[in-house]
Structure formats: structure tokens, C-alpha cells
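There are two complexes below, and they share chain A, which is joined by chain B in the first and by chain C in the second.
Then we have the complex of A and B:
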């Protein structure tokens, strides 16, 4: 009897405690990020679709078209072609296609690359309605990047 | 301009004002609710339509108005169409006797309090009718819940109001406000020398008001996790919109009643602004509390809800009734 009567003020007090907690949250600043307007910094080890790296001195791709990545890829989504240009020691890449619909971002290509010519990008805005948009031409992309900045 | 002061014209104008007040409040309280929910959860709430989301209600209303009013086969067509109107019209009618200021009242009836409660109980019947008419199992379960919930909470509500009525001695709402003139300890909420349990009666009134308007944590009528949308399940477009408006109209009505009965209505301790400003200030403070409560507590279980009423609220309100009658007899 006494316990059940005491339960009423105790229960009411717990309600007030709950309301105090929510009110303190009410006056604290918003912690969500309004995504399309603002974005959070992407972690250094983020794995986006791979991209080619350029030689900072010449601006050309570091890739020597050795096709190790093509062979290492478990999903068979990389296609590389290259030519031996006159006056250069190594081959240069002419075509580097990535079929991102198959890629599982395992990183085998990045690990196997002998001259660090591939790295993970930080792209994540990849929505599209057609499948063809996910077959990336990485050589063309590298050249487009070179012109832009 | 003399026709403006004629009684029928004045009443018509008052009615138009009340409908506009209810409509605007419904539209913008939905926004306030969503914004408030956002702030309580540390997120911004709707902020895309217009600056800071100010045009969100316009977008919502446009969406609701452009939708087809579907009447599902097998429903009781007349009742199905009638039910939303029956939910909203009593709420609007009750606002006619609420004194927004000393003079700003559509119709000052000397039994205003009685009128509010008699029309207020139509709401239950209308919700039950809509549940019955829509021929949907969720709607029927929800309607049954609404009826038992409202019957349970009408009792402590009326007991509390009777307690207050013995203190005030009148059912004229404007007269009740006039009695609370002076500093805020003259408000009925703090009249502890008349009845030491006066703040408790206000709390009971507030809890019952939440339950009567089917607000969270007592929103068993629209328990979306278990009953889809309860009695609103079969309603589309503005049929649903009217129910939504009625919910907010009932909140406005309940909070204005709480303001009038316990918080001194348009009275202010230091007449800085006109009475209507003080009234709206107190009204929106209460409405904020309603939103605050909704986003603090989870929905109660149904038997706990009935236990709260029958085992706790009714005994306490009966006790306050006895206590205040004894105090009035003794002093």
C-alpha cells in the first residue's frame, strides 16, 4: 500500500527528469550535417573507385601498362593497354578502363602496382541511372583533371 | 460602418477569424512540431522549403489538396465523408467562447465551460464513427481504443474541473479570468490557500488534456507502429488533412482552456502588453509543453494508460475534490 502510493510521486519525478534531459538537448546546437550543402571531411583511408596518379614533374601518368593489376583483379574489371613510345624507357598507358559495376574495392590492384600508379579516389557521389556511366575511362579522367586545376 | 457592429455580422466575422486562426495554427503547429522534434533530437528539422522551412506548411497543404479523395468500396459513404467534419466543427465551435482578451470573445456565454466540455465530447463519437465507417480492422481497433481511453480520461478531467468550479463559482470563462487578476499567485494554479493541491489539479488537467486530444504519449488512436494510422488509415488527401487540423485545433482548444482556467487567461501581473498578447504567450507556452512531452516520452501500453487513469488520476482527483469542498466549508 505504502509502496504503491510512494510510486506515484516517484514516477512523476522520473517524468520531470526525462523532460529536463530533453530540454537541455533542445538548447544545444544541431549536430547533423545538411549533406548536399555541407559535407564532412573524408577519412584518409577511404576507398573510392581507383584512379591513376600522375608524375608531379611531367604530369603524365605513372602507369607503365605492365598489366599486373589487370591480372591481380579478382573481379576482372580492369582493362589496360599501352604502347612503347620512341625515346622513352618505359611503356606508357593509352587505355585504362575500370568497370566499377564489378569492382569490390578489394585493393589488390593498388597493392600489386610496382610504380604506385593507382590509388583509391575519394569520390562517393556516384549515383546514375545508366550502367554505362560506371565504366570509367581513367586515362581520359586523368587528362581532364590535368586541364582543370 | 454601423453594419459591422450588428450582432449577426460580428458573429460571422468572429467565426471567420476563428476558422482562420484554427487553419493557420494547424498549418504552422505542424511545422513547429517537426521543428521542435528536430531540435529535441539535435537536428534542424524541415529546412528546405523557403528560408528555414517557413514554406513547408504551404507545400504540405498543396500536396494534400491535390490528392484524390478515395472512398474505399464497402465503406459507409455518408458517415465516412461526414466524420472529418464532425471532428473539426466542435473544436471550432468551442473556440467561440474562449476569451482571448477582455473583449475579444466571439460569444460570451455564462455557461461557457459547460459548452466546451459538452461539445468536446462529440470528438470521441466522431472518431468512433470514422473508424466504424471506414470498414478497416485497424480503424475499428483504434476507434475502440479511443472510446475507452476518452471515457477513462473524461472522468478525472471533469472531477478536476468541478474542483475548480467550486473555487470559482461560475462557468463564465471571462468571469473566471477576471477573478484571477493581480500577481501570478492569484492565478488558479497557485491558489494554494483555497486548495493546497491546486498545482496537482493542473497537472491532472494537463495529462487528461493530452489523453483527450489523443496526443503522444497517449496516441493510441494513431499508434502507427501497430495500427498503421488508426482511424485515419483509409483517409486520403484533405480527408486526412482535416483530421490533422482537428488534432491541432483540439490542442489549441485544450491549451486555451488550461490557460483560462489555471494560468489567468489574458491577465498579466504588469500590463505591459494588451491582454491578447499575454493570452497567446501562455497558450503557446502550453503548446510548447505539449510538443516537449510528445518528444520526451514513448507511447504507453494500453493497459498502463487505463491503469494511470483508473488507479491514479481518478483517486487523486476525487481526493482533491473532497479536500477543496472541505476547505470551502471550513473557511
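Then we have the complex of A and C:
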């Protein structure tokens, strides 16, 4: 009986304590960012869909079409093809398709690559209404990037 | 509150009705479906129907190499992905006798404990949403955001981490992470006190949870419930203490136990666990040795034939991975023992005779993650 009577002032006090916390919050600075008008910096290790890297000297893709990434991928989302050009020691990549609908961004391809030809991009604005938009042709993308530096 | 048993309608099937909770219901998390047979406001039978999000993770383990299964582990319980990473790499390391450098083990512990706090914060905010309180979510997610930012900077992802590798980690932590984590620990302590003032001591919450949904230690034993559910029933069972793995044996922390067995006890266990996790992180940062983060691993991983287990304390309880190898580069069997499945199993027995809002308070206090149940 005594405990239940004491419950009333104690309970009321606990509500006041809670309200004080809520009220002080009104005078604290805003911590949210009004996306998409403002965006936060993306960390260096952010894992976006993979992209090919180019040799800074020649501008050609570093990929030698060894297909190790194709084999390492757990979801079978990479397709690589390459040819051996005349006068070059290693193969050159002609086709590098990424099916991003299946990719889980695990990074197996990036880790297995013997010549650091693949890296994670920082691209995260990827909304689309059609599935075909997620089949990325990475060789074509690299060439397009080269044209407009 | 238990319904009186002498009401005649309780034995008459024509007086009851079926309430379908889920698979799409605002009060049910994820896609859990519970078929509730109700007698007015009282639950006479609550039958969980899992399987809506079954993705065959165990079967997937049987048709890909050991390394290729790694990203799957982060997607079983997406709220504590690093613990699941840890259990799988631990099982494989145990089988292949791969030595992990001490620095990697310490970083594993630090990141796992950060993950535990972020997981508990999600539980806390979702649970209070269930009970009708919206504001705590905003506070908890502001703190969780700091953890996600820290982990994103080193792992590259925010939720479904794939950071641990057989023999170590995929990359080292930097000074920014160490300083950021120290700053987070310092910030989090006053926040936990604020949580206590704002929510835990609140009379409305206490009246909703105290004495509601009692789960005895015997019931936990019957269904194999672990984690905060078992510790809220007074049993100090924690894999980090009873089967110490990684470097937990070198760290000083204690296991919060509350003997009441009600929803409030499970609540208090998780709140106290966050404090302990902060302690572990602090100590591990102090002891962090220098050195490599990757041990010697054979290029093509082939485990010797045999049967291997590794258990970790995930945020929801004991998570164990059992791998069976027949000396091929693909596992013969990957068995995942997940805590949410066992914790859900006791729900039918524990919720019998409860009022519907209390039964939901009990359901939330089990901290279920549906992909973890179905996997």
C-alpha cells in the first residue's frame, strides 16, 4: 500500500526528468544534413560498384583479362573478355561487364586482382527503373571518362 | 497479466478468433508471421510461422568455396554482421590451423563490440517504438550513426560488413579510427545515463515491462534460448566467458545478469551490456599491439576432412557455425546455429494467457531479427 502511494510522486518525478531532457534538446545544434542539397564526405574505403583503373601513363585499362575476378566472385556477376594485341606482352581487356543486380560488394574481385586493375567507386546515386541500367560496361565507362577528363 | 482460467469461453473454440500478426504488420519486425488464437484480449495460442525470408544460406554454403561464403555471413543477422563474420572465419581458422596475428584479434574484438552496441541501439529504439515511444529512436540513431561512420571508414560498408578474412582482416585500422572510437566511448557514457533518465526510469515504461512476460531459466533451457533472454532469467551464460574465444580471456569485463526473468530484466541486461562493451573497447584499444593484421594463409584453401565448430556471443545470443569438410575447396556442410530461432521458439509457451499488448512487449524483448530466424 505504502509502496503504491510512493509510486505516484516517484513516477511523476521520472516524467519530469524525461521532459527536462527533451526540453534541453531544443537548444542543441542540428545534427542532420538536408540531403540531397548537402551531402557528407564519403570515406576513402567506401564500397561502391567496382570500376576499372587506368594506367596513368597510357590511359589504357590496367586489366590483363586474367579472369581471376570472374572466378573469385561469389555471385557470378563479372564477365571478362580480352585479346592479345600485337607487340604487347600481356592481354588487353576488351569487355568487362558487371551485373550490379547480383553484386554484394564483398570485394573478392578487388582483393584477388594481381595488377590492381579494379577498385571500388564512390558512386551511390544508382536509382533506376530498369534492370538493364545495372549491367555496367566498365571498359566503355573507362573510355568515356578518358575523353572528358 | 495472466487470464483467469475459469472463463468458460477459454475452452470453447467458437468463442475464440484468429488474429494474424504479420507477415506485413507494423508491430511485427521484418516479416515474422504469428498466428494468434485470441480469446478477447487474451492470447490462447501464438504460433510463429517463419520462412517468409528463407534464403538457403546453409545450402549456398555447399556450392561455393570457403572464401566465397564470407559475404553471406554478414547477411544472416544484418544487425550484428561482424559477429557472424567472426564465427565463420573462426571455424575455418580452427580447421585449417591458421594462426591469426594478435593485432587482428584485438581489432576483431573492438569492431565486434562496436557492432554489439549498434545492434542493441537498434533493438532499443525499435522496442520503444513497439511500446509507443517515438523520441528515443532519434537519440539512439544519432549515436548509432557515429558507430556506423566509424565502421564505414574502415570496412567500407555500413551494415552488411565483410571485414574479417581467414587469418586476419582485409585491412588495418588507422589513427583516425582509434581516436574516433575513443571519442565515441567518452561520448557514449553520458548518453547511456541520459537513456536511463529518459526511458529506463520512466514510470510508464516500468509499468509496461515489470513483471510482464516472465521467462524462467527452465524455459530457456528447454528451447535453447541464449543471450540477453537467458541472462535476463538469471543464468550467467555468455560465450565470451564460458568458452572464451579470440582475446576475450585477456580483457576484464563482467556479464550482466538479472534474475527477475521479465521483460524489464531483458531490457536491463542489454542496457548494462552496452556499458560493458564500452569497457571492452577501451581496454582493447589500450592493449592494441602493433604488427601485421594478416597471418599466413595458403593460396588455395582446402580444409582437412573433419567436423569443426566455432561459437561466438552475437548480440542476440550464442551463434555457432559448424563446418564439415571432405578435403575439397567447397564445404560439405555449413550449419548455422542462430540465436533468434531458439529465442523465438519459446514464444508460443511463454505468451500463453497474456494480454495482446503484453504479448507484443514480450515479443519485442526477445530482440528477434527475422533473417536470422529464417537464414
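The rule we apply is simple: the second predicted complex is superposed on the first by the 118 of 149 C-alpha atoms of A that agree within 3 Å, B and C clash if a C-alpha of one lies under 4 Å from a C-alpha of the other, contacts with A are read in each partner's own complex, and residues count from 1 in each chain.
As a convention for this text, a contact is a pair of C-beta atoms (placed from the backbone, for glycine too) under 8 Å apart; a residue touches a chain by one contact, two chains touch by 3 or more.
Model, not experiment: these values are computed from the prediction.
> Should A:72 be classified as contacting the first partner (chain B), the second (chain C), both, or neither?
second
> Between chain B and chain C, which makes contact with more of the residues in chain A?
In the superposed model, C touches more residues of chain A.
> In the superposed arrangement, does A:22 touch chain B (first), chain C (second), both or neither?
Both: A:22 reaches chain B and chain C.
> Go through the superposed model and pick first if A:34 touches only chain B, second if only chain C, both, or neither.
After superposition on chain A, A:34 lies in contact with chain B alone.
> On chain A, what residues does chain B touch that chain C touches as well?
12, 15, 18, 21-22, 31
> How about chain A: which of its residues touch chain B in the complex?
Against chain B, chain A makes touches at 8, 12, 15, 18-19, 21-23, 25-26, 28-32, 34.
> Under the stated contact criterion, what part of chain C meets chain A in this complex?
My answer: residues 64, 67-72, 75, 135, 142, 149, 152-157, 160, 162, 170-171, 194, 197-199, 201-204.
> Give every residue of chain B touching chain A within the complex, in rising order.
Within the complex, chain B contacts chain A at residues 36, 38-44, 47, 203, 292-293, 295-297, 312, 316.
> Which residues of chain A touch chain C in their complex?
7, 10-12, 14-15, 17-18, 21-22, 31, 43-47, 72-74, 104-108, 111, 120
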